[in-house]
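Listed below are the structures to be examined.
First subunit A sits with subunit B, and in the next complex the same chain sits with subunit C.
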Partner chain A sequence: MRLDSYRETWLHRTNPSVKLLVMIGVFFVVLFLHNPNVLINLSVGLLLLFFLYTGYPMKYLVLFFLPFFVIFVSTASSMTFFGQGTTTWVRWGLVHITKESFFRGMHLGFRALSFALLGLIFSLTTRPVYLFYSLMQQLKVKPKYAYSFLAGVRLIPMMIEEFQTVQNALKVRGADGGGIVNKMKRYAVPLLSQSIRRAQRIAVAMEAKRFSDAKNRTFYYQIGVSRYDVIFFVWMIGLIGLSYYMATVFPYFPVTDVR
Partner chain B sequence: MYVASVDELRLKFPGTDTLLFEDVSVSFTKGEKVLLLGPSGCGKSTLLQVLSGIIPHSLDVPMKVNHIRIPDNWGYVFQDPDSQFCMPFVDEEIAFALENIGVPREQMKERIEQLLQAVDLPVPPHTNIHTLSGGMKQRLALASVLALEPDVLFLDEPTAMLDDEGTELIWQTMKRIAHDKTVIIVEHKIERVLDFVDRIILFNDAGEIVADGEASIIFRLHKEFIASQGIWYPGVWEDYLQQKKKRATNEERQAIIRLHEFRGYRKKEVKIHVPKAQVQKGEWIAVTGKNGAGKSTFLHALMKLIPTNGEYEVDDERLAQTKQLARKIAFVFQNPEFQFVTNSVWDELAYSLRLAKRDEQEITEKVEEMLKRFHLEAQRAQHPYQLSMGQKRRLSVAAAIIGGQKLLLLDEPTFGQDAKNTFALLELLESYREQGTTIIMVTHDEQIVKHFATRRWVIENGQLVRDEPVIQEERGRRCEIG
Partner chain C sequence: MQKGLKLTDILTTVVISIVFGIVYKLWGPFYYFVKPFGLHIDQLIYGMWFIAATVAFLIIRKPGVALLAEIAASSGEFIMGSEWGLEVLLYGVVQGLFAEVAFAAFRYKRFDVFVVSLAAIGSTIGSLIMDFYKGYIEALAPWNLALFLLARFVGAILISGVFASSLVKALEATGVTQLVRSASKEDFDQLNR
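Showing the complex of A and B:
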């Protein structure tokens, strides 16, 4: 599966720092939201954003979404089945579904879902390189930290490749069995020693290219704020407003607070 | 006036008993092209790091110096192509260097294109570095260093991890771009460097300078010393072949591997296809082909580390699992470190035998024999990670083959090794072959194919396209083939 096979949408063109801050804002809104009607509306809005504007083919989107859907179902159902409540609907052995536990379960499920969607939308529409350039330019993060992260991001695919090599090597030597502790050690020692050495070499190479925290640094990418950021901001505010409005005009459930 | 110099350098790595350098003085004038030569571990790379100020600025190593002059503008190319970049794309990596020295953003695009042209790297600027070959990565490293507009270039074994073609291109590029720059080089493969440098400084084991002067004179006067240090000099193969004993013929004609319409898959795509092939006992097959043609994949398929189908028999048996195959086939990976599973050389050798539940008496005998044969007796108690490059490589081969397998698969075992270690390893392999072991080896080195292999398989675009005998020059006739 090629992760770089997306078409660029307006979400990709929003400023990563703005996107990050707005999303953190929405995160807190979701966190302190106790009306399931509002939350369901909000989740549907995020779902639309995810499926329509992240720019990936539907096949991949469904694949990305599946694990989070499983989380949604499992969170919602466990709370529904085992949560506390006074108005019993069904009691069957350990399972005890009450009106309260059902609504709480639904609410928790949708909360988990919207967190997942926020994260997915952000990571699918933001290149790490732009994110860190933007963090340096808009939020004045020190280049030292930004470039360390970028160098670290580069190490990940190498580590995955090395993991497979170690796996093969251990298989050939018949060392792929044994307890979990032994196994961990066999993977961790070569992978870590390789990564530590590589990280140190990269650090030296970066300094050899005159990398420092000096002030006169220029930037290859100038990440600015554009109308897309306004659109994004308005989209999110509008979504939250509309969710509240719809929840009061057309509520799905008569419950307004699940606490 | 010197552009770089040290006077009475003393340096010691923490945890070692002896000084790496004791009162070493050396200086370089503008425009000089200098090669530092000496045995592995004599401190040449460390000297480059001192001269560039990486020690002690970036790497904290205790050192003392009477006087030091570090060039104002320098660039440093490192040995490992994979660990000198911090950005994912070619243009971003070069831009990183430009940003560091404060080049205005508007000029960057143009500079990047000029630099890529200067190092002869004809890729679109926004190319993922991961997709480049080793040789291309090193030229990119050179481009991003040139972005700093250095007067002095430090090259720390820039071609050690490259094949012949990549090495050639690096030095061609250097000749084009470096005429007005001072270049200080550490390199073990000097065939293509000799006509580039005009001065050679020769070091011995103790980190002392034994000779310093005009390149051609030093090379002629000290050729024997250079040869004894495991350096790849021009004519090293001719010299080696003169003292090499004639190869024993191996007339056994019995198939050990049969392949028919054999395919190996990665992510459900056919990555290697062998229409029909046979390997006879006692053969040495060199698997050659371009980077990414599928040579390593072929070895992985033979070991069933990837899904395969088609006919594949080893010793007239069809084996489905890696585990069963591992009893008949020993496999040596490109990076020896990934194969080590224990904490000492001795245990490493004993590992497979213990796994096979042989009795301790037999294990001790066998391990001792291997230690001797692979020249690792003095290192028996060391941790495998503490060994030198050559020792690690020998240990990985010894540990793989100790189970008595009759078939040995090797993935570029001589890669990055110096001449001494390469010949030592090839001779060990040859001694196994003479005793009936069959060898299948991926290599880029034409000389190895010519002088050691009995047959060559060429892989192109994931397909075995040629299967031809190697004509052994010394014997003047075709060797036995199946």
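Showing the complex of A and C:
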């Protein structure tokens, strides 16, 4: 997802593969983190990265951020209302809020928030084309996979246009009623069959032009590793370390494990 | 015979999956729109996120397609800026892997509703394993957890099992699937007649 009005920051210049791997690392750290104090610090750090260094105007960033708030509330609420616990706060019908379920719910909300931020920071600062070229060059992904993905990403605007064509065609023929299953099929069949035909044609064309999976091929874009990757790595490690340190020195809640 | 998937297979799988990637992305807002109704009604529509694997496998019918499709669809969703961010990518890998296991269990030779539903169940189990680590679902009250599991399994079988296979039947009627499938035994029998 990219918009035109952004300025390039150091996050745009980090190597996409390195960025992805570091983020997957942070993902697993968050996955096995059960202390809400640490997690809140970590989320704040990611929030700073998001607002300061993705290079987009503030009004866009706030707009991007809105759905996350909904995710936060919806993720936190089921666990808060229906989770198990011993110290009852509120009991109202089926809803049973306990101290344990409340903290667990909040923890889940912050976890969802940090996953979402990791993803959004990545997709706002990475061009898909560079990502797949970098995957081929740094992580040795096979070209036939990477170029298939590149072709697929390139087709997205065409698919959206086709979707609108189908929508208009159905409207003109007065065929936009009916049950939800039939409706979905009416859209899915033409879109999928056209996509299959198009993919087929692209593959034939690529092979006709001698596309091969040879090991030592050349690339149009040469993607390398730079000092920005080191900065990114150190930034993340520093953030995790600082989150743990601050959580032990200035904890927000006396809870250290929400399980 | 070349080993593994050919360029045509990969490209077709990826392009189909990106169509589903768009659906996956749009399904997100729908999912959290349904969520406030409570009592895990949202789980009934969760199964849509497994559909790329089953549909792509039914169309191309080759080993590895289900896994590739689910990874491609989730990375499509990821690149478009999913609300769930990075987690969709890893959920995709696990869900695809479990769907693949279901198809492999029948040595990629059966393409009926039963096997597809089994793959949908497989993906559901994959997503539950991730939820177990991520969402502490085991800490829900027992009645609530049972409702949650039931809704997710039923939704997955209906959407990624039954609906997916009827969708592919409709696609077969257009004749487009013959472009990508390898020649079957019946085709050779036709020639020998």
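Assorted remarks:
In the analysis below, the second predicted complex is superposed on the first by the 256 of 259 C-alpha atoms of A that agree within 3 Å, B and C clash if a C-alpha of one lies under 4 Å from a C-alpha of the other, contacts with A are read in each partner's own complex, and residues count from 1 in each chain.
Everything below uses one rule, namely that contacts are C-beta pairs under 8 Å (C-beta built on N, C-alpha and C of every residue); 3 or more make two chains touch, one makes a residue touch a chain.
Just so you know, these numbers come straight off a predicted model, no measurement behind them.
Partners subunit B and subunit C fit side by side in the overlay (superposition on subunit A). When the two structures are aligned on the shared chain, A:Arg104 is found in touch with subunit C, with no touch to subunit B.
In the superposed model, A:Arg198 makes contact with both subunit B and subunit C.
In the superposition on chain A, A:Ala188 contacts subunit C only, with no contact to subunit B. The superposition of the two structures on chain A yields an angle of 70 degrees at the Cα centre of subunit A, opening toward subunit B and subunit C, reported in steps of 10.
When both complexes are overlaid on chain A, the residue A:Thr88 reaches neither subunit B nor subunit C. By the touch criterion stated above, A:Thr256 is placed in contact with neither subunit B nor subunit C. Once chain A of one complex is fitted onto chain A of the other, the partner contacts of A:Leu118 are limited to subunit C, with no touch recorded for subunit B.
Contact with neither subunit B nor subunit C is seen for A:Ser5 once the two complexes are overlaid on the shared chain.
By the document's definition of touching, of the two partners only subunit C reaches A:Ile156; subunit B does not. Once the two complexes are overlaid on the shared chain, A:Ala208 sits against subunit B while remaining clear of subunit C. When subunit B and subunit C are set side by side, the one touching more residues of subunit A is C. Closest approach of subunit B to subunit C, taken over C-alpha atoms in the A-based superposition, is 7 Å.
Taken together, the two structures place residues 151, 153, 193, 197-198, 202-204, 206-207, 211 of subunit A in contact with subunit B in one case and with subunit C in the other.
Residue ranges of subunit A in contact with subunit C, taken from their complex: 1, 23-24, 27, 31-32, 64, 67-68, 70-71, 74-75, 78-79, 81-84, 96, 101, 104, 108, 111-112, 115-120, 122-124, 128, 131, 144-145, 148-149, 151-153, 155-156, 159-160, 181, 184-185, 188-189, 191-193, 195-200, 202-204, 206-207, 211, 258-259. Residues of subunit C that touch subunit A in their complex: 7-8, 10-19, 22, 28-29, 32, 35-36, 38, 40, 55, 59, 68, 72, 75-76, 78-90, 133-136, 139-141, 144, 163, 166-167, 170-171, 174, 176-177, 179-180. Those residues of subunit B that touch subunit A in the complex are listed here as 52, 54, 57-59, 75-76, 78, 80, 82-89, 91-92, 95-105, 108, 129-130, 144-145, 148, 300, 303, 305, 322-323, 326, 331, 333, 335, 337-341, 351-352, 355, 385, 399-400. By the touch rule above, subunit A contacts subunit B in their complex via residues 129, 147, 150-151, 153-154, 157-158, 162, 165-166, 168-175, 186, 190, 193-194, 197-198, 201-212, 216-220, 222.
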